[in-house]
Each structure stands twice: as C-alpha cells, then as structure tokens.
Amino acid sequence: MPCQHLVETGMPDIDALWADFARPIANADDYIASLRGRRMNVFFMGERVPEPVDNPVIFPSINAMAETYRLASDHPDVGSVHTPIAGVRINRFLHVPIGPDELVAKHEMQRELGRRTGTCFQRCVGLDAIGACHSVTFDIDAEIGTDYHKRFLGFLKKAQAANVVIGGAMTDPKGDRSKPPHRQSDPDLFLRIVKRDADGIHVSGAKMHQTGAVNSHWLIVMPTMRMTEADKDWSFVGALRVDAPGLTYVVGRQTNDTRGVDGGPLDAGNAQFAGQEALIVFDNVFIPHEHVFMDGEWQYAATLVERFTTYHRSSYVCKTGLGDVLIGAAAEAASHNGVEAVSHIKDKLVEMTHLNETIYSSCMAGAYRAKPMASGAYLNDEMLSNVAKHNVTRFPFEIARLAQDIAGGLVVTMPSEKDLQNNEIGPLIRKFLQGRSGIDTVDRMRVLRLIENMTIGRNAVGYLTESLHGAGSPQAQRIQIARGMAIEDKKARARKLAGIDDRRRSGG
Amino acid sequence: MPCQHLVETGMPDIDALWADFARPIANADDYIASLRGRRMNVFFMGERVPEPVDNPVIFPSINAMAETYRLASDHPDVGSVHTPIAGVRINRFLHVPIGPDELVAKHEMQRELGRRTGTCFQRCVGLDAIGACHSVTFDIDAEIGTDYHKRFLGFLKKAQAANVVIGGAMTDPKGDRSKPPHRQSDPDLFLRIVKRDADGIHVSGAKMHQTGAVNSHWLIVMPTMRMTEADKDWSFVGALRVDAPGLTYVVGRQTNDTRGVDGGPLDAGNAQFAGQEALIVFDNVFIPHEHVFMDGEWQYAATLVERFTTYHRSSYVCKTGLGDVLIGAAAEAASHNGVEAVSHIKDKLVEMTHLNETIYSSCMAGAYRAKPMASGAYLNDEMLSNVAKHNVTRFPFEIARLAQDIAGGLVVTMPSEKDLQNNEIGPLIRKFLQGRSGIDTVDRMRVLRLIENMTIGRNAVGYLTESLHGAGSPQAQRIQIARGMAIEDKKARARKLAGIDDRRRSGG
Amino acid sequence: MPCQHLVETGMPDIDALWADFARPIANADDYIASLRGRRMNVFFMGERVPEPVDNPVIFPSINAMAETYRLASDHPDVGSVHTPIAGVRINRFLHVPIGPDELVAKHEMQRELGRRTGTCFQRCVGLDAIGACHSVTFDIDAEIGTDYHKRFLGFLKKAQAANVVIGGAMTDPKGDRSKPPHRQSDPDLFLRIVKRDADGIHVSGAKMHQTGAVNSHWLIVMPTMRMTEADKDWSFVGALRVDAPGLTYVVGRQTNDTRGVDGGPLDAGNAQFAGQEALIVFDNVFIPHEHVFMDGEWQYAATLVERFTTYHRSSYVCKTGLGDVLIGAAAEAASHNGVEAVSHIKDKLVEMTHLNETIYSSCMAGAYRAKPMASGAYLNDEMLSNVAKHNVTRFPFEIARLAQDIAGGLVVTMPSEKDLQNNEIGPLIRKFLQGRSGIDTVDRMRVLRLIENMTIGRNAVGYLTESLHGAGSPQAQRIQIARGMAIEDKKARARKLAGIDDRRRSGG
Amino acid sequence: MPCQHLVETGMPDIDALWADFARPIANADDYIASLRGRRMNVFFMGERVPEPVDNPVIFPSINAMAETYRLASDHPDVGSVHTPIAGVRINRFLHVPIGPDELVAKHEMQRELGRRTGTCFQRCVGLDAIGACHSVTFDIDAEIGTDYHKRFLGFLKKAQAANVVIGGAMTDPKGDRSKPPHRQSDPDLFLRIVKRDADGIHVSGAKMHQTGAVNSHWLIVMPTMRMTEADKDWSFVGALRVDAPGLTYVVGRQTNDTRGVDGGPLDAGNAQFAGQEALIVFDNVFIPHEHVFMDGEWQYAATLVERFTTYHRSSYVCKTGLGDVLIGAAAEAASHNGVEAVSHIKDKLVEMTHLNETIYSSCMAGAYRAKPMASGAYLNDEMLSNVAKHNVTRFPFEIARLAQDIAGGLVVTMPSEKDLQNNEIGPLIRKFLQGRSGIDTVDRMRVLRLIENMTIGRNAVGYLTESLHGAGSPQAQRIQIARGMAIEDKKARARKLAGIDDRRRSGG
C-alpha cells in the first residue's frame, strides 16, 4: 500500500490520499497485511528497516496493535460500537464517546486488551486525539467561524470507514524547557509550520517517543502545551499519512528488546506482544487544508491538551489489565513453588489486587462522571482522571515489587532457553529448576520469564516507566489536581465548622 | 414520646408501637424534639442520663444526626428521594436503592453530610441495614416460603411515613473469637433468642459500640457473622424501639469528649457536631413477630452480613467529606501562617486531595457498577466496595498526618479558650499567637482546634479509628478481596501470555 | 525554694541566684519537693495554678520528669555519667558528651525512659541546649575573644552540682514567617533584649510550646533561627531561673488532659505519666552577665540552631521507647482477644517493630558517627540525625495505625471507669467486655486505654504530633538533608559510570 | 592457571591444590590474568564459554570484581586491613572482623565499591562465609572436639596469602519447599555428600544463582537452612577450587545483558561493570578433609546460616553506593533538562537521599553494635541487620521510581548508539535530543542510559531484584525480626504503664 502517488506528484488531492484505503481493514490479518509494502523511512539500531512487519523486534508491537482488531472480531460488543457519524458499527478505537456508558465501555475494552497482550497495544493515543479534536474543533468554529469541525468529521468518517489505525502525536522535543517555542534557539524543537500555501501547510520538527507510530496508518499531530500569540506557527493540528514524504522514524530501544532474537520465545517472556515508541522527524511534510483542524488558533492549544490528557490519563486503566496478568503470574509462580497457600503469599496477592482495583476504580469513576461538551462528545471527569493517572504512577511499581518478591530471585538469574536446548546442560537445568511435583520445569521457567518481562524486561517499559510518564508525568497531574481542588470552598467549610462565621457574635 | 404503653402492658400490638410516631418528623427541630421525654436507660461516665438531648457531651451527636434532616429540608434533591414503596418523597436515609444512580446519589449525600458536620452523622448503619434486609428477606421467602419480606416492607413503610431514625445493630461482643455463638462459655456474648412465644421473640445479650444508638427511634438487630445450624437461636433479625423495655445504653467515652464542657466551644474544635457509640445491653427484650425478619434461618446470616458490609463499606465515602474539611482547615491554617503559597505546603495539600479523591473514586465506582438483586434492590459492586473501604483504613491517617504537618505544633500545645478570657493572660495570648497580618488570632486558634478535633481529638475517633474498624476491620476486607479476585482466571491469562498453552507444540 | 531574694532586691547577684540550690537534688522525691513553694505565674485553663505539683493534670508531667532522677538512682550506669568538668558523677541529662559512646549511652537512656514513661519526659531540650552552647560559646570566644565559654562552664558546673532540671527555650512566636525579627510589626514576636545595663540584660517577648517548662529549675533561652546584623538584639543566649520575676507560664491543653480528673486512672490510660508544653511570656526579665552566653553575635545564631537541632533530632530516639510500649500493648490486646497467633496480627507486630527499629538505627548510627568540635564536645552526624528525625515524622503514625488496627474499635468506644463502678451497669460491662478466657476484663480495658492514650489520647500528643514538629518540622529536615547530600559528588560518580569522562576519546 | 594436576591424578594433595596460587595476586590486572586459562565448564546462552575473560557479556562482571583489587591498591586504608591470622596486611575481603570498627570499615568499603561500580561486585558472599565459618567451626570444635577451626584457619591463611577470590555458595535448588533434604524425591535437590573416603568427601547436587561464581578462585559450600539428623549427608561445609573436576557453570541471563554486544557502550548504560549469577552443578566433586569444615554436624547448620545471613544482610549497605550513583544520575539528568532547581525535582532528590541514608544508617548501626563470638570474630547486631536488609527490599524500588520520574520517558524510548553513528539519522538525533544549552546531547543520552541500566536494565538486577532476594527474601527477615523482638518484655512494659501491676490493690 505504498504512498506512490504522493511521491510522484508532490501535491496530492484528498481522494488520492485515501485511495489506498478504499477497501476497509477487515480483521487482524488484514491489518498486518496493510502495513506491508509501504515506503517508510524506518530505522532501528542504526539500520534502515525495509519491512517492519518482518522485523522480529518490531513485530510483537504490530501484533499487540493487531489485537485491537482481533478483539473487535471476537467480541464485537467489547471492541466495536455503532457510530452516529457514519451510521455504522466501527472499531471502538475510532469512536467519539457520546455518553458515560461509552467511556465505561472504552475502559473495559482497554483493560481486556491489557489482559490479552500484557503490554501497550498502542491505539489509545489516536483514540483520545480523536475525542479531543472533535470538541475543540467544534468550539473553535463556534467562536471564530472556522470550518475545522466539518473538516475533522470528514477525515474521521473516512478513517472509520477504512478502519485504519490513527496515531496521536503530541510530545515535542521541547529543548530548553524554560522557553516557549518561539524563543528556542532552534525553532524546530517544537513541530511547526514552515510554509503555508493554497493547498495546505508544510511542517518541520519532530515528535518524541511516539507510541505505535510505525504501526499506524495516519497520524494526528497536535501542540504539546499552552501556546502564546507569538507561537502561532507552532499552534496547529493536522492529520497525515504515516508514509507521507518527509517523515523519518527511529524506533527506540526497549529493555530486552532483542531477547526474542538472541534468546528465543522463552527468554522473551512474552514472545507475542510488546509496545513500540519512535522518534518521528518531519522534514517539510505537507498537510492539505482538508486535513488541517487548527491553524494558528494558539488560544485553543491549552484546551486541546487538557482534553486530550483528561481522556488519556483515564486510558491508563489498561494497566489494570497488565496488573491482572502479573498477579496471575505471581500466583502461578507461587503455585509452582508449592507456597500458594502460605499466608504471606496470599496477603501479597491480595495487596496487589487491592492496588490494581484501586487504579481501576479511579479510572472508572471518572468515566461514569463524564460530562458532555458542546460538540456532544463526553469527557471524563477531569479531577478523577488526574487522580487515576496519579495512582498509575505509583501502584504498578509496588505491584511489580510484590510480584518479584513472590516469584523469587530466579526471575533474574535463570539460564537461557538455549541452555535448555543444549544436550549437556539442558537436562541439568530441567533437573535442578524443578518446582513442586507435577510442574513442568519449562512451564515454571516460562512464568518466571513473564514476570521478568513485566517487571524488569521489555514490557516493564510499558507497565512501569510509561505508567510514570505517558499522558504526562506525575507533576503534571499534581498541577491539575491543584487547579481542580476547589480549595476556597474547602476552606469555607472548615471555617464554618470551626465556628468562624459566628465570630462577630461570640467575640472570640 | 415515651414508650409508655409498652411499659404498662408488657405486650404491645404493632399499632401501639407506632402510635408515638403518628405525626411524621418534619424537620431537624422536630427530630430533636422527638428525642425528648423517652424513658431510656442511658448511662454516661457512671451516671444515668435523664435526658440525653440536654447532655452537653451527647448533644453534638444528636445535632450531627439532625443534619440529615436539615439537608433533606435545605436540599431535597440531595437529601430526599421518591420511594415506590410508599409512593412519596422520603428522606434518603430511609430509602432502598433501586438503581446505580440512587447509590451514587446516596454517596453524594454522605460526602455532603461529611462536609457539613466534620464527623459521623450516624444514620448510615440503619440505611444500609434496610438495604440488606430488603433483599435478604426477599430471598428467604422465595426459597423457603416465609413472609419476612412482607413484614419488612410493612415495617419500612411505617418508618418512612414517620420519618424516623433507624439504627442498625450488628456487632456482638463475641467473647472468645475462636468459637461460634453456641460454644461460648456465656451464651449472651452473641445476642440471642431466649424465648419464643405466640406474639414474638424475646432476646438477650448485647451489641457493642453502636453508632448513634441513643439518637435513634428504632433499631434493626442483625447477626454479626456466618452462623451454623447450632447457632439458630443467634440467627435472627428484628426491629425494635430504642426505648423498648429491657434495653440499657452505655455511651462510650471519646477522645476529648468533655472539651466543650470543661473548656468551651473553642477548645472543642467543632462545637456543633460529634459522633456517638454506645454499648446496648438487651435483657429479655420483646420483639413482636411483625417486626421479626429472620428467625433461625442461619443459612442466610452470612449473606445478610455480606450485603450489609458491601453497602456499608461504600458508605465510608462520608470520610471524603471530612477530608474536604480537613484539607480546607490545613489550607486555612497555612494561610494564617502566611505560607499557603510555599511549594511544599501546596504539594501536601495536593497529596491530601489526591488521597481523598482516590477514596471517593473507589466508593463511587462501586456504586456506578451496582447490580440488582432478586428483590429489585441494587447492591454496590462487592470488590470495589471492599477496595474502597480498605483505602479508607489507610489514607485518612496520612491526610491527618499531613494536616498536622501543615498546621504546626500549636495544634497540641495551645492554651484554652478560658485562658483567652482571663484578663491577665488573655491579652498575652492574643499578642503572641498572632499569625500573618490581618488574621484574627482567635480565628487562627479556632482553625487549629478544628484540626486537633479531626486528627487527635473528638472527631478523630470517627475520621481515623472508625475508618479502620467500622464496617469491618482491614483484614475483613482483605478476606473479601481474596474471595473476589478471580485468581484462577488471572493465572490462566498469565499462562497464555507465557506461552504455556502452546507447550505441546513447542516442546519447551 | 522561692526566688525570694530576687523579688525583694530586684537585682540579684549570682550567688543569691544559686542559693536555693545549695543542697543538690538527691532523687526523684527530692526533685518533686524542689518544685514546691516557688512563686511562679502559672496558668492553666484560665486559672492561676497556685502549686503545679498539686495540680492533677500537671502532676503526671512532673512525674515523667522525675523518672529521669529515678533512672539515675536505679541504674546509674544508664542515667548518670562522670563529668570531667566537675570531676564527679552526675545525671546524664546535665552532661556534655565527649565521645560517640556517650552519645550512644545518652540515646539508650532516652529509649529506656520512653519505655518507662510512655511519654515525653521533657528533659532533652535542656540537655541538647547544654551540648550546643558548650561548643558555640567556645567557638565565639576563639574567634572574637569573648569569655562566654568560661561563663557557660561556670553556670554548668553549678547546675551539675545542684542536679537541677534545665529547660531549653528556643521557639519564638515568629509572627509573620516571611519576615526577620527586626521587620516584624511587633518586635516582641521574637524574644529580644530590651535593655542592657552594667549587670546584665533585660529581655521581653515569648517562647512557644516549651517542653517541661514549669517542671524545670532553669531555662536556657536561645535564638530560633539564622539572624542578620539588624537582628542583634534578638541574638543572645542566656540562662535564667524559671521563677525569675517577669515570667508568666500558660500551660497548653493536651488531648484528653482531663481524663484522669473527670474519669479516673483507667480512663487516663497512662495515669502516671504525661508530657507538658507551655507558653512562656517574658516581661522585662533580667539576666545577669554571668549567665549570658551570647550577646549580639548574630553570626553564630545559625550555628547554634544547627548544632542544637542536630543533637535534638537524634534525641527523638526516645520515641522508640514509646514504640516498644505501644507494640507491647498491641500484642497484649491481641492476646486478650485470643488472636495473637493469627498470621496477620503477627505480621503487623513485625511491621511495627521493623519501623521502630529503623528509627532506632538511624538515631544510633548518627551517634556512633559523631565528630568532635573544637570545644571537645561531640556532635551527632548531621545527615543521619536529620534522617533519623525525618523517619520519626513518619513511622510512629504508621505504628499507631497498626496498633489501633490490632486493638479493635473498642479503643474509642469503651465506657468509663465510672461506669465500671456503677452498680447497675458495672457488672454488664464486665460481662460483655470480656476477652478470651482467663483475662481480667478490667485489665483488658486498661490495655485498650493505654493504646488510646498513645494513639489518640494524651500521650499521642508526644508520640505523634510532637514527632512531627519537635526539633523542627519535616521540611526543616529536608532542607538540611538537601544541604548535606553532596549532590555534586554524586553527579560526578554518575558521570564517570555513564562514561562521560571518556568523551574526548570516544567521540560520543 | 589451569587445574591440570587435578585432572590428571584425580586425587590431589593440598599443596597441589594451592600450587597455582603460589604467587599472590598483586592487583586488578593480575586478578584478571589469574582467571585465564582455567579449564572450567562454563556455559552461557546455550554455548560453552571457552574463556570467560574474553566474553563481552561476562567481562563487565569480572571487571566489577577486579574493582575490589583496585580499591585495595588505590585506597589501602579502605580496601585492605591487617590480619592477626597471617600477621600481614590483606585485602579486606579476606578478613575476619574482630571489632565493630572493622565491620564499620567493611561497610564503608562496600558503599564505596557500590559507588565505583554501580553494580554488585560479587565478593561479599565469600567474605561473609569466611566470617560465619570462623566462629561456627570454633564452636563445633569447642563442643564436640573436632578440628574444623584449625583446618579453616589453615585454608584461610593460604587464601589470604594468595589474595584469591572466595565465593560463598549457599542456596540449594530446594525442589519441594515443604520437604527437608532427605524427603525430596530427588536427593540432589540439596547439595549432598555422595561418598566419604579416607581422603575426603565427594559431593553432588547444585547451588542456584551463585554470585560471581565464575569469577572466583575458590568456593565455600554451606548448607542453606536448618537441618535435622536425617539430613546429615546434606550438612557439611567445604572449600573447593572453582575449577575442580565435576563442576559445571551455567551463567544466567540478566536484563539487557547483550546491550553492550548488540548496541555498544552507550546502549549498555554502564559498559564497564555488571554483576553475575550462575547455576553451579556438582557431579561427584571431591573435597579433601583439610578443606572440610563441617561434616554431618547438622545441629550447627542453622547457626551457620543465621550468622552468615546476619553478616550478609548488613553487607547490602553496598546498595547505598548504587543509590548514590542513581541519585547523582537523576540530578545530572535534571540538570541536562534545565530543571534541577525546580522545587518538586529538588524534593524528589531529597527523598531519594533520605531513603538511601536510612538504609545506610540501619546497616551501620548494626555494625557499630556488633558483639564478639567465642572465636573472637564480631557479628553485626542481628535485629538491626535484619531491619537493614528489610529496608533494602523496599527503598531502592522507590528510589528507582523517583529516578525515572525525574529523568523522563526518554529513559525507555531512546534510540541506539548505532543510530547516532548512522549518517542519515545520527544528526537528527543529536538535533532533537538536545537538552538545555551547553549540554552535549550524547552525554545526556549516556546519563539516561545509566538510569535505564540501574532501574530497568542490567544493573537493576542487582539494585532491585537482588535487593529483594539476596541474603534472604523479605519474609526471611520478618521471621528473624519476630524472633528478636522480645515481645514479652514489651508486653510487660505496656502492662506496667497501663496500671495492670497495681490491680490487686485497685481492685480493677
């Protein structure tokens, strides 16, 4: 599905851009096939990746994304939804939520995908970008008479019909964090419009650690923070194909990313699924007007960011699905060791569950308390969404620690699958790594490798570090909590109970 | 409103029992008036309390209960609700919730009352007893053909019409905790039926630390735990007037309970509101059949307890209302000290809010996810309700610690209000306890006393210790979390991702 | 032992000031006797206290102080030490430590006194003031040729010989915390010299929440923070008799301070021992030059404060003695309930012990690592002393929470001792509050009251809130930790391991 | 230095065993050279490793061990000590501590080596094995007249003279953890004596995850737990050469172990240093009597384990050296981002330091409080050593979380060093990953890679997971804390303060 047309003429029309997607993606296999044959500049570990689908390090991330299609096929009630926009049933990852129940259903889907993949399935950023753009474009149009919302709906309808993966691209390099875009020594440190012409805009710069970027079909680029009037050229939103001319991708290294290659599926721990983050560099990339949803309206950048992060912080409910897997793995490891019924082991499993369900409840409460915006889209409760994400920055670390506690030191000292295959030492390992009677030693090793994978291996990247920084670092949530905490009302309540309102009478 | 009839004849009919409540309680003043003139055996600090309403230590607890009437008057949308049972609008504390939205509304009411009183307003136990009895009586009838549900609805309709306070009485003395009721050396250590006759049952024993007991009109007594067949005489539910012959109340001491008496309103910290717990002793107390809702069906004791605690653990959302007050008080104290804008102070206020809202979200999520039972009543999600309460056993302690941190040591070293009134030292205190310019020194003292009240004073009883033990101690929640955590499903998820399902093919 | 001479002449000589102490205090009874008959202006709850020893609320604090004498009598190895200054054996609370072993012994004494009293025994502030003054006066003299150290030694020798209690007074009211003394709207908000004359200085102002003030014989007043040149009149150190003319004391209210009075020893929980804090107001109080140890040398105020707090933060090791008592009380309560062997109970006792010993080890490590100062006195390691105190601001709160968890709700709902004495309800309480077989119900109540006393009662003031604020609030420790954390060295270590030192060769 | 003699004759004499070590190891280079040319059966990732020194994955662990020699050369005061056994100055890792000060010095050395390597330098197990064997052999001899202590001293003198690395081998596979050795279905699941003859013993079985095994010269094998009489054949201690016939080593996989190979030094994060754990399989391995220090005295197994773990748990003070590096790395990363002065960043650095120094103080306090045993060796305070290690199972996880919080998401999404070297994308990475002005982008990457290395990379194995399980998992410490917590004394203290001792008089 190469973006050939663009390359040749340099100036696409919209229909041409969508021509490759005429036949909607029907299922997971179809999705994987759709990624083949694109001419993208993708690099990993210093080398161009000619076909990411065939790269064994990248493929598990594609497969995790594919699970979003599988779920929609297997459980359409969970993974798909009817949209009034196109009037058809679509993958829920392309849906603008129009009621609390739809946000609840979204979060259930995310937890289930966490359970199915044990990693980041990468499709939430785009989903939450859709949600945020829907209402913000509506608001801009309503206030200053633009037609962004119409453009956006046009784009979204096509994307829904084609059942494509939309990636959301927000985080800029930012350079010196004490300076706004227009005062950076290098203006490219925030993605910016370098040229406007009759057909659209041309943008340069970069977006950092973009989730699932290489596995997407389209990207929505958005500003990363509050802007000022002088930052107009950095204040825009647009959608573009991931294979648009001028884009370069550098896939980041993850902990143990090569385990499946240098070791094998056992060493990988979770051989089927992984996440993906990439640096995307934009070199004079063209976006036609039809795909531009904000162009210089710097006043709306903060609103867009806040709505996006409110959606996205609650999307971290997915980590409770990973938590389910890790709790199960710890229990399984304890069972292999014959200690599942020991009181301190049971108590640790309860603690892990308690923390996991606390995260879940804060995410879900924010969904149930969603409020409608002018566009009709519903937004999670902002305070609770921040509280939810803030718990995500803490509890998975403790859950992971407890999982390692239960599993034992073998998690980090175990021989390789290749040792198992060696005639001389394979039998020794099978002999000495056996657990309680009746347990297959290799199964025991598999579970321990899964725990390694999620606590200090490849998917710990998503379960732990991404839990800290994705959708905003801890301090970002604290700032939002401070804004929303209605401290003056709380103080008034306290003064009343302290008897201060009565002071003129009582005389103190 | 003395229970005169009962005293004289010894054998009431139901109408007589309700005769005193013919005129419904219209508002808070009416409620307070309704408590006067009852012939109850109430003791406090070694002395009979002739009229609890006039006892200055007890009155703040009555006033907190009265706030449930005030709220219904001031904000009927919050404090009252239409009931299909009687077909009228009633106080929400007498309502059986028949949808998630009603549990949500209940929790909002509870948080608001927490904000208004800064203490335990004592009416939730009865409310949650109503909820639990509604469905359990329905189930017993359905399974074994009794008519408990009809009796219960008859009782409830009268209570709703009269707008009375129903207390719930569950916790027995329990004696040797390793033994069931029928094996206790003293059979009275669990409340029990000592005689059954044509009119009803006669019960003896005690209930421990009963919330708001003296401030109620009726009590529902319930078993405290799972029973066995040999415990049939301890397995019953009944409703009785708090002034029934044979009842004795001993009001427990609370931290700083006498502050308002020996000091004054300033020393009390929160002079208007407090909680109440009492020991209730039952000496051959009669309950007519019409008010008996379980009589020997020991198999349902566990179900009743579980449903009650599921309701009641979520009711601890009220503590987030207390949290609001305490956060506000800490912010006010910081403002008086001129340090509200200091970064570590702001950060602590954010942390307090984060913890408070985490409790809130776990309570609310469990309400939104309520499920209907056969009787039509809705019950909070059991896992989330336990998770919510478990957070309540932790976070208020940290919120209180942070409040004291912000407020400073004066919280526990401050002179008395009586010192302020002393001509010699009053001026010295006003001079040396002044905060930043423009702050009334006495107001500063009031806020600090409120913080004392909630963290190491009278209402710390409710905010901290009751948060540990009310509705079940921490370990009780852990047991329920263990039961609900679906560990086998979690293990299966882990095995699948670890590749164990594939082992026959891969050969390990 | 009235300060008669001073009252009459208005201008004492040093010998007259010490005349009352000619006969050294021999033991605890002698100490208590020594407090009688002084003409001090002491107020409590709005009334003048004619004889504090006879005041039942104040006496437990005197008795806790007396325990420092009892320990020296019972265990001279723990409670006393040989001093090279006077060449005799003295109470350790009057000793300047001249080796790490002496700081270790001091801390062992403090923990033991914590175990013996379950409260603040109030004599450490003076002890640590002695330590700080010894070295700072030496340094001032060495640098600017004053004779403060000689004066100080003269004072100390007399105090050691007389075996008196020295209180340390540091904390000023401070008013607007953003302003130094000389910029306060009211100059008295920091204690200051209002007049200097040939004989000495005259000081006015106040010191806040002074530990054991009324129970002391002498006070050492010290500046509370770093001073500037404009604050010279606020930069002084001096020793004065607690019954000096011009002093007024207002004893602060503590949680449950009147329990022993309105309830009885059982209700008090710990009837024998309590702490004490008072506001001291100074009205033109005279200090003769011989007792002035700093007079305007503002440059040394910060040093004095830092040394004092370094000593004093480690002195919070006493709280581990309280922790021992509370752990024991929780275990005893569990035993009474018949659940001491239950796994979660045992686990909580272990956790409490772990936290308690963590505090202990951080205090002790700082003592062992003490370094000598120019005067020969040894000072605890500053970093570890701050770390120790910072742990004290956290762990006692968790220990207290766990104690309440183990003890159960009865801690805050139990009837009064007076109820026990009531003929009608006393037997009922004995019947229904019984624990496992063989346990005296009243003993069970006593232990629960002790837990109340230490977690939400009178001695929770010392165990919890004072643990936060005494010797500096948490943020004060964080500032000192930041100063001492040698971050540049740590960064250099990191750069080296990251390979940054090699960058010129490797080319990066 | 091949073990040629042994291979040929099959029956060594002691002199022959030591012949290869006639020339003492002089320094780090000498040490590394000493590892070459040995005929050991070492496997890694399914392949025999002909020369571990030349294996790029293994070498960093050798280099970390070599740092113990470098330190002794560079700072003999820290890394070496005079021994009365041989009467000469030796590497401190071969020294039996004979005073608290020597344990203190040992811990300072360990922290310094942690700072120098940022990983596990692997020589402490052997050191602590020496300490434990010294006293236990003494005690056995004293009680039952054996000559183990003399044998042990003979061995130790040679080892000290040769300056070799001694590894300690304790952890057996253990199979079904609910069964003692003699009841295992496979007797080899604990290392055991399979034959005794005139010259010595022959042992078979395995030891799991042995630290630095391949990098050692000698191993001391010890029982792993309390034994019973039926376990006599599993109850022995012996020293053997790591190249003894019959030994096989399987080096375990570590997180990111291949980073230096597939990426390069930048990707490795800490290219110079790493830890090592191996499975050691014993197939009928001979140990001559002269090197057997316990042979069937099962009663002493528990004592040996307890003394070893008491030493070894305090040895985890090394992690504070790693903590220093990680705190420094976080501060450096913050500096690169231009946010080092931001209040929440500073506060997190303080918190990391506070936790790190808390660990340090609990380790050090236990050293200072060491007590002598009959042999003259000093042993750390047991309670504090367990408390110290227990803190190590918690705080490094929080320190690591905070380091990642400060460092930002780039820690886990950064491109490879090979990308930097690519002409096309290298310049893009340098452009877009730049931090604040003046910072070399590659240096910034290096620091972030170091943080990855220590928190979710190769050395996180040692800093986090090993901190949980090394020297005993958390529950092992809790058991020891429970044993040492003197709960009866604590209960007695509580009873006394509660007034229970007075009950006969007061009448309760």
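Letters are used for the chains, namely A, B, C and D, taken in the order the chains are written, and counting of residues starts over at 1 for each.
Here is the rule we go by: contacts are C-beta pairs under 8 Å (C-beta built on N, C-alpha and C of every residue); 3 or more make two chains touch, one makes a residue touch a chain.
Bear in mind that the values here come from a model prediction, so they are computed numbers and not experimental data.
Looking at chain A and chain D, the chains that touch each of them are B, C. Interface repeat of B-C: among A-B, C-D or A-D, the matching pair is A-D, sharing over half of the residue-numbered contact pairs.
Homomeric contact chain C/chain D is classed as same-residue, with over half of its interface positions used by both copies. Note: the chain lying farthest from chain C is A, by mean C-alpha position. A straight line joining the Cα centres of chain C and chain D is 42 Å long. Chain centres here are Cα averages; for chain B and chain D they lie 53 Å apart. Residue positions 344, 347, 420, 478 of chain A each touch two or more of the other chains.
By the touch rule above, chain D contacts chain C in their complex via residues 104, 115-118, 265-266, 269-273, 324-329, 331-332, 335, 346-347, 349-350, 353-354, 357-358, 360-362, 364-366, 368-369, 383-384, 387-388, 390-391, 420, 440, 442-443, 446-447, 449-450, 478, 481-482, 485, 487, 489-495, 497-500, 503, 506, 508. Remark: chain A residues 43-47, 173, 175-178, 185-186, 188-189, 206, 208-209, 248, 250-256, 258, 262-263, 267, 277-279, 281, 337-339, 344, 393-394, 397-398, 401, 404-405, 408-422, 424-425, 428-429, 431-437, 452, 455-457, 460-461, 464-466, 468-470, 473-475, 478 touch chain D in the complex. Against chain D, in their complex, chain B makes its touches with residues 343-344, 347.
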